[in-house]
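Letters A, B and C mark the chains as written, and numbering starts fresh at 1 in each.
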Amino acid sequence: MPTDYHGFSRRRLLGGTAAGAAFLAMPSIVRAQTQSLKIAVILPQSGYLAQAGQSCHRGALVSSSVLSEFGHKVELMHIDMESNPDVARTQTERAINEGAQCVVGAFDSAATLAIAQVCEQRQVPLIVNIGAAPQLTEQGYKFLVRNFPTGGMLVANGLKQIKALIDATKIEPKTAVFLHANDNFGMAQRQGMDKLFPTAGLPFKLLDSIPYDPKAQDLSVEVTKIRGLNPDLLLVVTRAADAIKLVRDIVRQKFQPMGIISPGAPGLYDEEFYKALGPLADYHIDAIPWANPKSKVTQALEAAFKKQQPNFRFAVECFNVGFTFDALLIAADSFKRAGTATGPELMKALKATSLTDHAMIGPPIKFDEKGQNVDIPSSCVQNRSQTPTVVLPADVATMTPVLPEPPWQGRT
Amino acid sequence: MAAITLNVIVQGLLTGLVYGLMALGLSVIFGVMRVVNFAHGEFTVVAMYAAFILFETLHLDPLITLLPVAAAFFGIGYLLQRTLISPFVGRAEHEQFILLVGLATVIVNGLLLVFGPDARPINLSYSFDSYAVGPLFIDKVRVLAALAALAVAATLFLFFRYTRTGTAIRACADNLTGAAVVGLHVKQLYAVTFGLGLACVGAAGTLMATIADAAPDLAQAYTLLAFTIVIIGGLGSMVGALIGGILIGVSEALAGFYIQPSMKSMFSFALLIVVLVMRPQGLMGRRL
Amino acid sequence: MSGIWLHTSRRGKALSLLLLLAFVLVPAIADRYLLSVLILVFYFAYLGQAWNLLMGFAGQLSLGHALYLGLGAYTATALWTLFGIGPWLGVFIAIPVAAAAGMFIGWLGWRFAIEGVYFALLTIAFAEFTRIGFDHLQFTGGAGGLFLPVNGEAAGKWWNLGGGPLLYYYLSLALAAAATVLVAALRQSPLGYRWLAVREDPQAAQAVGINIFRARMLAMLISSSMTAVGGVFYGFYYRNLFPSQVFDISHSIELILAPIIGGLGTVFGPIVGAIILTPLGEALTGLVQSLGLNAPGAKAIFYGLTLMVIISLQPNGVWPWLARHLRLDRPPE
């Protein structure tokens, strides 16, 4: 048998493999001593979380210029993890290879956890901009901080705000029903509700907690069930698309509660919600953390957003934009204090953060030993003229709350 | 309580008819060509977006745009069959599967790229109206969509029963060799069949757009739903597809109401398993 | 076993050993990113081998294999978080759980003559049913998810599968290699030939006295057991489980892409498929990013197109074509 044939193919294969391996195994870029912090922003820009992910992404895009206005220099790497933890993991590795000194992300808990593991092993700080699963700060990651409330905190603060709302509007609801999506966010809220409602001191009784399938085509059955119970208040934890279906079916079935209130979920303030429902979107209330209209940081952010993203309304996106910006601000601020971007030093500075001026409503940002910011208050945000408006607490409000909701018929 | 149950059943029935129309397209394609269209839901969503665009630009009610969309989809189906699908007819299922999964991925992400992730509603003047029939509230859009679905299905049924092409297609489904022997132009008929199947999808999607909001992530659920309905109703039976749709619509609604809404779909899948095991030809299908 | 070794051409033996050696040595020069990608490659190659056994050898299309993945993952992780039983033991409980599910589905399917697409839909139905079921199963966390502790005393030791990427790299490599050897051995065994007969012509097989039902059930048993082990790996590698992720149909679809693209019914098909597809996905992501396109979804479009092109040009998979060109299909002289 001809020997050159064998030799030829083996050599070729070896050469090809080596070349391929060399191509994929790009050497880590030497971390030069620069003045700017390289941050990887990892978000679900496609896949089932695309809507929220793209909103956060717009916030990240706008943040660079605003951060430099305030004297911070950052270099952002925008990464789409496709709502998939596998991709989140490999992309984090790649980002760190390409010099990312800090990671912000990732909205989806499963992906955030995949990223957290990589960050922990490579000692690169992770700042969670949005993510409510309590376990993120319970599992014991040392290189993670979260500037977002846990599901439990959202519910606790939300219930507090609902109490304030009832006092302010003088309504007298006797009963309520809690409707929530049966996904990890909805379940986190449900667990919070089960634990906290009995001792929250609210004047109404919780008749039932109804979980719905977020993949369902319509919510008419759920609404029929709710209508049968006829509660005064409807508490909801939904995503945008579901919120539209919900309100639509409520209107069709002529169910008129005193109010539709969310104890801390998205959905009632998304642009698609307003577009779909028009005046029927008004008067629903969301008790969630919100951007502080009186903060100069927020005002700068708003101005930049208006200029750079003219097709989107800041008033609607400020939740995602604000939290994403704040996460980046925390990173930049810690970098300034630490004077270096090496992992452990930067992490120490992060843990010691005390940031007074930031976008969202609340006291200075501080983290506890687990890396959680426990002081993120909620406010009542009511839809007025299809724009989310802060109505409580009074010191940051721009309008007063209106309840009970006016009837569906005759709304303009 | 009885009134509410009846309400749930009626709404489920109406919605189920539209699902049935969607499944009908799948039944036609699979029943005749044995092509497993795993991109079925994706095509439905494209039709929903088509209806949405026509409504936004020309302000036409989907009940009207139903016809042009269905016609356009017929054309697309015909072309698709002649070019892409044809070599895969008769090939192993897993090969068809990969082709159509690839196509589905392209479609869904294309929609995401073009339209963005937000749900797109069609706000008709009567979107929020409902008929009060005694103690029941029945959504106007669902009634109209269900009636339209029935009309389309009836048209298709008449086509297959009473026209030459329809009979020829049924011949292909029954006995392919025999059909070829008799001189039927099989390739052409297959293309017509795929076109008809997609036309159904086009019609169903247009009607669906009045009930649900177009969004890329609906696609996979619709594919599964279509397959579930077709299996339960019976492959190759048009009436079966509609009955299957109604059955799924009603049973899911009842399961959601009496057991727990988040477990709705479990019920449909359980039903699917039972039908597959007990009566694989479905309720109305011919014996395999 | 020696049978397969003898049957492989010299060239084939050399190449497979070389490949294995290369993978064993890669961590010495590779960075973590490459390692994380390779872990995924081995993981999908392993699952591909498991699925290929049922489909490529026994001819049964399962589109719900994520069921066994999820059952394996949940069993092992639940045993760990609730009872402190480590994964090396837990896997032996995870396997029978998944296998039982597989056997049940197989029995239902083949006892009642559910074939082809119908069988595929049966598997989908079971996977979806289980997914929603687990969404409501509170003692494993329901939709809220099951979480493994990250730091702390018990974590971080190899017997609890807490470790760096190197541990998982060699573990996944070992799994993929072992699966390949197992599959090759089975293929040359009497059982393998029975499977081939059942796949090609069930009626003829029955006529010569092969018990089709038994053969298929065995294939399902081995396939689901292997997949369960993959699930245990998955659970401990990611350290968290959500029913909507693990049991989802997209997961089932993901794991069958490699064996089909690589080459159904071949021993090296799943490996070749995994080596092509996973890095392809990464390369496309990198490409889209380097072009600076703000186009979410673009990568997935390219990926989908690639699938369509490959299956149109090489319906039997890339490996048979590759083997022909590398002259690997010739028996040893």
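Here is the rule we use: a residue touches a chain if its C-beta (ideal position, glycine included) is under 8 Å from a C-beta of that chain, and two chains touch if they have at least 3 such contacts.
Nothing here was measured: the structure is a model prediction, and the numbers come from that model.
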Pairwise touch network: line, ring, star, complete, or other: complete
Between A-C and A-B, the pair with more C-beta contacts: A-C
Centroid spacing, where centroids are CA-atom means, of chain A and chain C in whole angstrom: 34
Chain centre separation in whole Å, for chain B relative to chain A (CA means): 36
Residue numbers of chain A (touch at least two other chains): 46, 50, 54, 182, 213
Chain C residues counted as touching two or more neighbouring chains: 132, 135-136, 296-297, 300
Interface hub residues of chain B, defined as touching at least two other chains: 109, 112, 260, 262-263, 265
Parts of chain B lying in touch with chain A, wherever the complex brings them together: 1, 4, 7-8, 11-12, 15, 109, 112, 116-121, 123, 127-130, 132, 137, 139, 211-213, 215-218, 221, 225, 252-253, 256-257, 260-265
Complex contacts: residues of chain A adjacent to chain C: 1, 6, 9-10, 13-14, 17, 21, 24-28, 45-46, 50, 53-54, 78-80, 82, 85-87, 89-91, 93-94, 96-97, 109-110, 113-114, 116-118, 120-122, 133, 135, 138-142, 182-184, 186-188, 191, 213
For the chain B and chain C complex, residues of the former touching the latter: 30, 36, 84, 87, 91-95, 97-99, 101-106, 108-110, 112-113, 220, 224, 227-228, 231, 260, 262-263, 265-266, 269-270, 272-273, 276-278, 280
Parts of chain C lying in touch with chain B, wherever the complex brings them together: 55, 61, 63, 108, 112-114, 116-118, 120-122, 124-126, 128-129, 132-133, 135-136, 249-250, 253, 256-257, 260-261, 264, 295-298, 300-301, 303-308, 311-312, 315
For the chain A and chain B complex, residues of the former touching the latter: 46, 48, 50-51, 54, 182, 210-213, 215-222, 224-225, 227-228, 240-241, 244-245, 248-249, 251-254, 270-272, 275-276, 278, 280, 408
